[in-house]
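What follows is a single structure, and I will ask about it in a moment.
Should a chain be cited, it is by its letter among A, B and C, assigned in written order, with residues numbered from 1 in that chain.
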Amino acid sequence: MPPILEVRGLKTQFSSPKGFITVVEDVDFVLEAGATLAIVGESGCGKSVTAMSLLRVLPEPPARIAAGEVLLAGRDLLRLDEDQMRKVRGRDLSMIFQEPMTSLNPVMSIGKQIVEAIREHRAITGQAALEEAVALLERVRIPDAKQRIDEYPHRLSGGMRQRVMIAMALACRPKFLIADEPTTALDVTVQAQILALLARLQSEFGMGMLLITHNLGVVAQIAQRVLVMYAGRIVEEAPVRDLFREPLHPYTEGLLGATPRMHQDADEGARHRLIDIAGIVPLPDQLPPGCAFAPRCPKAFARCHVEQPALLPTHDGRKSACFLTQNSAVTA
Amino acid sequence: MAAWRDFWRRYRRKTSAVIGLALLLLVMLVALVGPWLVSSDPWDIVVRPFLWPGEDPEFPLGSDILGRDILSGIVHGARVSLQIGLAATAAALGIGVTVGAVAGYFRGWPDDLLMRITELFQTIPTFLLAVVLVAIFKPSMLTIIVVISAVTWPAVARLVRAEFLSLREREFVQSCVVIGMSEARIIFQQILPNCLAPIIVMSSILVASAILTESGLSFLGLGDPNLMSWGTMIGIGREAMRTAWYMSALPGIAIVITVLALNLVGEGLNDALNPRLKNR
Amino acid sequence: MNVPLLAIDAIQVLFPTRQGTLRAVDGVSLELRRGETLGLVGESGCGKSTLGKTIVGLVKPTRGSVKLDGAEIVGASRGELRRHRARMQMIFQDPYASLNPRLTVGRIIEEPLGVHNIGNKRERRERAIALAQRVGLHPEAMGRHPHEFSGGQRQRVGIARALALNPELIICDEPVSALDVSVQAQVINLLVDLQREHGLSYLFISHDLSVVQHIADRVAVMYLGKIVEHSPRARLWSQPLHPYTRALIDAVPVPDPEQPGLRDQGLIEGEIPSSIDPPSGCHFRTRCPFAAAVCAEREPPLRKIAEEHWVACHFVERAADGQIRAP
């Protein structure tokens, strides 16, 4: 049975002077080995908090995981103590972040950091670990790995640092990798290289990857399934092809319409106008009653402002949290 | 006005800051009103010398080696300390802010020149300068204020310069250049109001250190001989330290309370003024 | 009126550093016509932002000229520069740093009018309110401070401020890069509408090709301080000639799963070299799959290869039969 990571009913809160504010709620998904699941959404939707909750790297005050289960090989990660969790991080479940400069120790050479990551989980000699570290750097396509191994992070470019971080994250061959906006801070050409690298490593290692991003282009290129998040909840889940061809939730429609597309506009004729979604994302402590997206939704009706739609399956392995789709599912 | 209310709400969250403020207000009250409530001149000999505090209800803090009322001295000393502290700080701010703003905004050779001058003043030992100035001019309140501000302004200039160097590159300042705003207006209207917070915090510390410096100078006899300051009182009581230690201790306590109050207020201001940056 | 609104000629912006000379902008010539949007794309270190700042007078060029409607800006006197400033404004990238946090939104929008002594107090206030409404802000917003608004709203304040003086040209320096997709769409639509209404010209600087392609009429691609290709929008995407332009287009993840993915094509290798001591000859040769000896010896000039289409590459040529050959 290939390993899976199953998240059920995740609910994460942050404490504030006004009490606990729910930032992520009711998040369910399954991450399979060898596949990429993307979580896409704009800032404040809770996607990063979701990712960090899985690895329990949120500072426990002010954050707290109020409910849910994160099942990995039968164990609920949320019930483990810190020692047990530390064994999981890096070995079974690993993460890479957006800003490699802040995730790498500036006063340690990159070789030393990778070796540390390796020896954290495996009992091998320093020499053997160093050889593995060089091999890893070569695998992430860092040129002259044997010389570069002794360099410090600030001597490397953004793309290089990101590769080092990937090498560290994969040092112990985790079954699952969480990539939180791994390419947002990089130049376009470097971004493409890193994404291709991640895709290649994923198939080589047979890993499952959870990709957090706000960029629909990245989702289309890399992921097989996608979750769309808004105001802390999942509003749509679908295979990537289906989502782009026929978005079910009005927010997804809005996001797709708001994304400028090169090939579409390439002809000499009049430009098409981007669809803009009026209004702004509500703050987690100021959510409107009913569906959080209703005030901005062009298709909202009375029920939307009163009752919150649940995330229900529609058809073909898709889910949507919208009364419109649920009605059609009933009548279909 | 909502900004003031927010500020006060943040300030009063820190108990030590509120205590500091209360003490400071007390000292200011004493300085303002006190001299009218006690006997006129602290230099007047009004009772037998070496009177201990509590012995005579009319002189609750006792008398010094010549029979002068210590309470009167403390009260008048409060006024002296605060006056000198505030005046010296105001002067240091005036010079320091100007120098720092010009150096930080224009950079290049004005910056180099002004920084060399600043360094020069920073290396002058306070007491040496006091001795020299007192020797040249007669010792007076003005001399002390000049001495203290002369050695204090460099720290202000450094702070303001650092703020200007960083703020000047911010996009909102660049935006003002793009709309054609004059340099003077950018410096005073745009950048300066945005670095008030650290300047304000520093000011309370500066007043505290000015008071300490003044006390030290007066103790050494370099202060204004006509003014009864806390430092002077400590100096007078020095000879009787073994037996009548209260003569030095009481003004000493007054200094400690005032300086402590100023430091607590400074910390409170720091905490209250900075959270705004976190509110993004 | 054949004089272009903005004419940049051989601009060089060089910064001396301890490690050598940083060649931020290394010989750029461009023209911007009235009413058009010229997009300027490139990755980090290409100099597009520095070029924008040079045009608007924030940075002094080491060499070269910038002419606004025929009048030279570089080296202009203070008074002249001020007059030019009224015709040429800028929108900045960071909505959190581009507004003075201590001023109210109303003050921020009014400020340019006050600086140029336009109208009296009441007239300025009215104009500011009108501008705020035009960019989609509530009149109530006028009394509030920037930190009470979202990134998209702050960007609108910046746009209103840039419009206050009725400029003819607006330099947009990555105006939507810091915004979410849906907000980005709002601001882009606003910019397009304003252009139509006021006959504005834009120099739109961005690293995001999809956005530039959407809004620009013509696009110039920069690499390490130089322009490598320059053509009308549609042609750039249907017929990119310079190897870097092609690499850039290939690298953009297209939001369409049906299009060939990043896994399937040969991507460009390597990283952008430093602008201090860039590669000799053609700056792109260290990453170019077609580089040859001549590329290291001689710098390829920006040549006109077709109507409105300029390329700087030794191997792009127009054959006798009119066909364009590219590597």
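Going forward, a residue touches a chain if its C-beta (ideal position, glycine included) is under 8 Å from a C-beta of that chain, and two chains touch if they have at least 3 such contacts.
Keep in mind that this is a model prediction, so the values were computed, not measured.
Touching chain B and chain C together: no chain. When chain centres are defined as mean Cα coordinates, B lies farthest from chain A. Distance from the chain B centre to the chain C centre is 51 Å, each centre being the mean of its Cα atoms. Note on chain placement: the centre of chain A and the centre of chain B lie 54 Å apart, centres being C-alpha means. Distance between chain centres (mean CA atoms), chain A to chain C: 32 Å. Listed in rising order, the residues of chain B touching chain C in the complex are 170-172, 174-182, 185, 190, 193-194, 276, 279-280. Listing the residues of chain C that touch chain A in their complex gives 43-44, 150, 152-153, 180-186, 188-189, 192, 207, 209-211, 213-215, 233-234, 237-238, 247-259, 261-263, 267-269, 271-272. Partner chain C is touched in their complex by these residues of chain A: 42-43, 157, 159-160, 187-193, 195-196, 199-200, 214-222, 240-241, 244, 254-263, 265-268, 271, 273-278, 280-281. By the touch rule above, chain C contacts chain B in their complex via residues 53, 56-58, 81-82, 85-86, 89-90, 92-94, 96-102, 111-112, 115-116, 147, 158, 161, 164-165.
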